[in-house]
Amino acid sequence: MIGKGKAGAFAAGCLGLIVFVSLCAPWISPYDPNQIDMSNRLMSLSAAHWMGTDQLGRDVYSRILYGGRVSLLLSGVATVSTLLVGFCIGVLGGYFRGKVDTCLQTIVHIFQGVPGLTMMLAIVGVLGPSLKSLFLAIVLTSWADFSRVVRGEVMKIQVEPYIEGTRVLGASAFYIMIVHIIPSIAGTVLVLLTIRMSRTLLMIASLSFLGLGVQPPTPDWSVMLNDARPFLRTQPHLMLAPGICITAVSLSFQIIGDTLRDRLDPKRMQRVEDIA
Amino acid sequence: MKPLLSFEHISCYFSTSFGELQAVRDVSLDLYEGEIFGLIGETGSGKSVLGLTALQLLPANARVTGEVRFENKSLLQLSEKEMRHVRGKKIALIPQNPASSLNPVLKIRTQLREAVRHQKELKDKDGYLASWLQAVSFSYPIKLLQSYPFQLSGGMKQRILTIMGAAGQPKLLIADEPTKGLDAPARHDVVEALRNVCRQTGTTLLVITHDLHVAQILCDRIGVMYAGRLVESNDTDSLFATPGHPYTEALLLARPTAGMKPMAGDSPNLLQVPSGCAFHPRCSYASEMCVEQLPPWTEYGQKKYARCFLHAPST
Amino acid sequence: MLQVHNVSKYIEYGLVRKRKKAIVNNTSFSIQAGETFGLIGESGSGKTTLSRMAIGLLRPDEGAVEFAGYDLYSASRGDSKLLRQKMQMIFQHPDTACNPRKTLLQSIMEPFVLHPTLRKGDDHEQIEEVMNMVGLQPELLRRYPYQVSGGQIQRIVLARALLMNPEFIVLDEPTSMLDVSVQAQILRLLKHIQKQRKMTYLFISHDLDVVNWMSDRVAVMKDGEIVETGTSNKIMKHPTHPYTQKLVQAFLYTDR
């Protein structure tokens, strides 16, 4: 238990540091991330360039500092949007059941039936690679899973006797939803959010790696990965640096999510009598 | 007569986020071969905890002191591996919740055969099981063996669990709240099943229940627990006719058939158990002495014990 | 006061061919003002479904429910809000009767939030009054549901129902999860409140002794139908329907 708490704190610290560094990149980076210097290309680690330079002579350290900005912002915005769409549809379906639910579930099933990567490639392919189409691709491929989870949670809480007790007091569906159901599932949604963040980050990375995501010359970890591909054997640090960053962020989100789940579990608040 | 199972000065502590809590307080109790012993008490009295100490099935945050002797062996000293040889074969548990204690995707037959897998000499296992099913008044045992748990009612599942415990022919059966949540006819069937099984095989039964009616019709002897302590131990008839402890008396009066006289005060908080006799704040016989000292465990008649100053030699 | 006319409720099952099964089948009964009407039956006999239809929580597939002259399922919005207040219900499981994430005070305040007209000046005075009535300290309300005992929760739920000034309360096995000594306290309390406030009860239980003690009249339910109705004395002493006889026998059974 204690070990897990410490891991969570460490992950939060790690993530906080990366976010802070990304925000402050303009002030702390030693070079302009897009400054091309062909005379100093593909240099190894040195005092002048802590992480060396890439094939165009750009400073890798500066690009790493800048590289989290787009990925983190986009995955944040995209995940929250996914969550909003999935949450609303899940709550509606879970609470009203019947025809509303059947309709919504049919749409959910259709979206779940299409393989995620194929759909993403199709969307980005049709709309052309840009941040907007990347955002759209992420939201459209992940809201369905989300709404399923939310719907399940709503349905679970909805049959709790205290919900029925509130109905007996004359509460409307809207009141029950706002006052009882949404606060009860907030914890679950928060956990889901953190774990989703890591998934989204990886999705962006893989799309960018395929050349369909963030476009060069934007300094971005996934773009850097892609750029470093030809030099894997000779200059592995070009790939390692952004790779470690992506893994660290993704792992941090996962660990934070796990810790939150353990912390928010209402079963921890056991009654004394249950044990005795 | 030598006891089959003895609890000797058992105390059980749980570490919780509210601090350490003592669920069982220095309980000593003997169970004799072939008898049906009932342990009654209300929520939080420690009756289930005491029953589970015999099998070492308590959660990880529990700490037990004292000694449990079974056939002159000390059970608390046994390793987990040795304990596994005792569980099921020597001492079997009939668990509390019939709905979740059976595997929903396996046939009753498969699950019952699991219980008799150690009896290698047994040739006709299905026939053997069928005879057990008949003993607990199932009219179509062969058909029943082919069914799944969801096809059975709560009372039927509880009877299946009874057989599961008894079919391995243990020396001691422990039934934890066997009638919880069952309605009258089903409760009647389960009581009947437990009794038949034990009387036919001579198995000793420890029933843990909060249902006074079940205890009355099933048990030979009864122990009453309150706030972790055993306050009375008596044979069933005299317990219901002339209870030895004021708590038992109040409990009996609260029954619907006895006019539902409510007991004064609230159930004890296990984190702040009253001093002396824990029942004194609710007891109409209480005196100064009950507040200050713990009454001794007194034998006041033939096999009648109570922990109350009303029976103590000095008064 | 309450009249239930020929109500039925079905469930549909089967994957390919839809089949219908009645949980409650064409059942009628009526409850007089001021009495306690007991409803007894095994688990699965439909007594819970019937009671939910009687109080307006579950629309019957057939039949009608009339309360104080209003048809429960075709009343106007305003009327049904008023009817809601007059009919309350206490449930079986104390552990889940209140929202575990809210303090008991927040739970007991809900009637005021939902029906501002119930407020008569000082909220806390009103809450103190009902808490005294159920024999609890108002300080207890600062806690969360898992910090109080089952008996206390049931009292708090009763206090909350009383804030609504109901005329009719459905008691759905309110004490079946409680210990004997607590059961006696709660049932006595319910009787006392009934006298004081001239309340009408529908009392559901599978415990014949308890129903007998609480009720003036008793209906016995089996497989979705009421098989016998009579005064509780008559049901206990001279049951006529074979099922009732079996039920009473199972209860009186004391041999060893």
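To keep things simple, chains are lettered A, B and C as they appear, and every chain counts its residues starting from 1.
As a working rule, a residue touches a chain if its C-beta (ideal position, glycine included) is under 8 Å from a C-beta of that chain, and two chains touch if they have at least 3 such contacts.
All of these numbers come straight from a predicted model, not from anything done at the bench.
**Q** Of all the other chains, whose mean CA position lies farthest from chain B?
**A** Ranked by distance of C-alpha centres from chain B, the top chain is A.
**Q** Write down the pair of chains with the top C-beta contact pair count.
**A** Max contact pairs: B-C.
**Q** Approximately how many whole Å separate the CA-defined centres of chain A and chain B?
**A** Taking the mean C-alpha position of each chain, the two centres sit 52 Å apart.
**Q** Taking each chain's centre as its mean C-alpha position, how far apart are chain A and chain C in Å?
**A** Distance between chain centres, rounded to whole Å: 48 Å.
**Q** Could you put a whole-Å number on the gap between the CA centroids of chain B and chain C?
**A** For chain B versus chain C, the centre distance works out to 32 Å.
**Q** By the touch rule stated above, which residues of chain A touch at least two different other chains?
**A** 270, 273
**Q** Multi-chain contacts in chain C: which residues touch at least two other chains?
**A** Correct list: 149.
**Q** Can you list the chain B residues in contact with two or more other chains?
**A** As it turns out, chain B has residues touching two or more other chains at 43.
**Q** Looking at the complex, which residues from chain C come into contact with chain B?
**A** 42-44, 149-151, 179-185, 187-188, 206-210, 212-213, 246-247, 250-251, 253-256
**Q** Could you pull out which chain B residues touch chain C in their complex?
**A** 42-43, 153-154, 182-188, 210, 212-213, 216-218, 236, 250-251, 254-257, 260-263, 266-267
**Q** Contact residues on chain A for chain C in the complex?
**A** Residue positions touching the partner: 160-162, 164-171, 175, 180, 183-184, 266, 269-271, 273.
**Q** Show which residues of chain C lie in contact with chain A when the two form their complex.
**A** The contact residues of chain C facing chain A are 55, 57, 81, 84-85, 87-89, 91-93, 95-101, 107, 110-111, 114-115, 144, 146-147, 149, 157, 160, 164.
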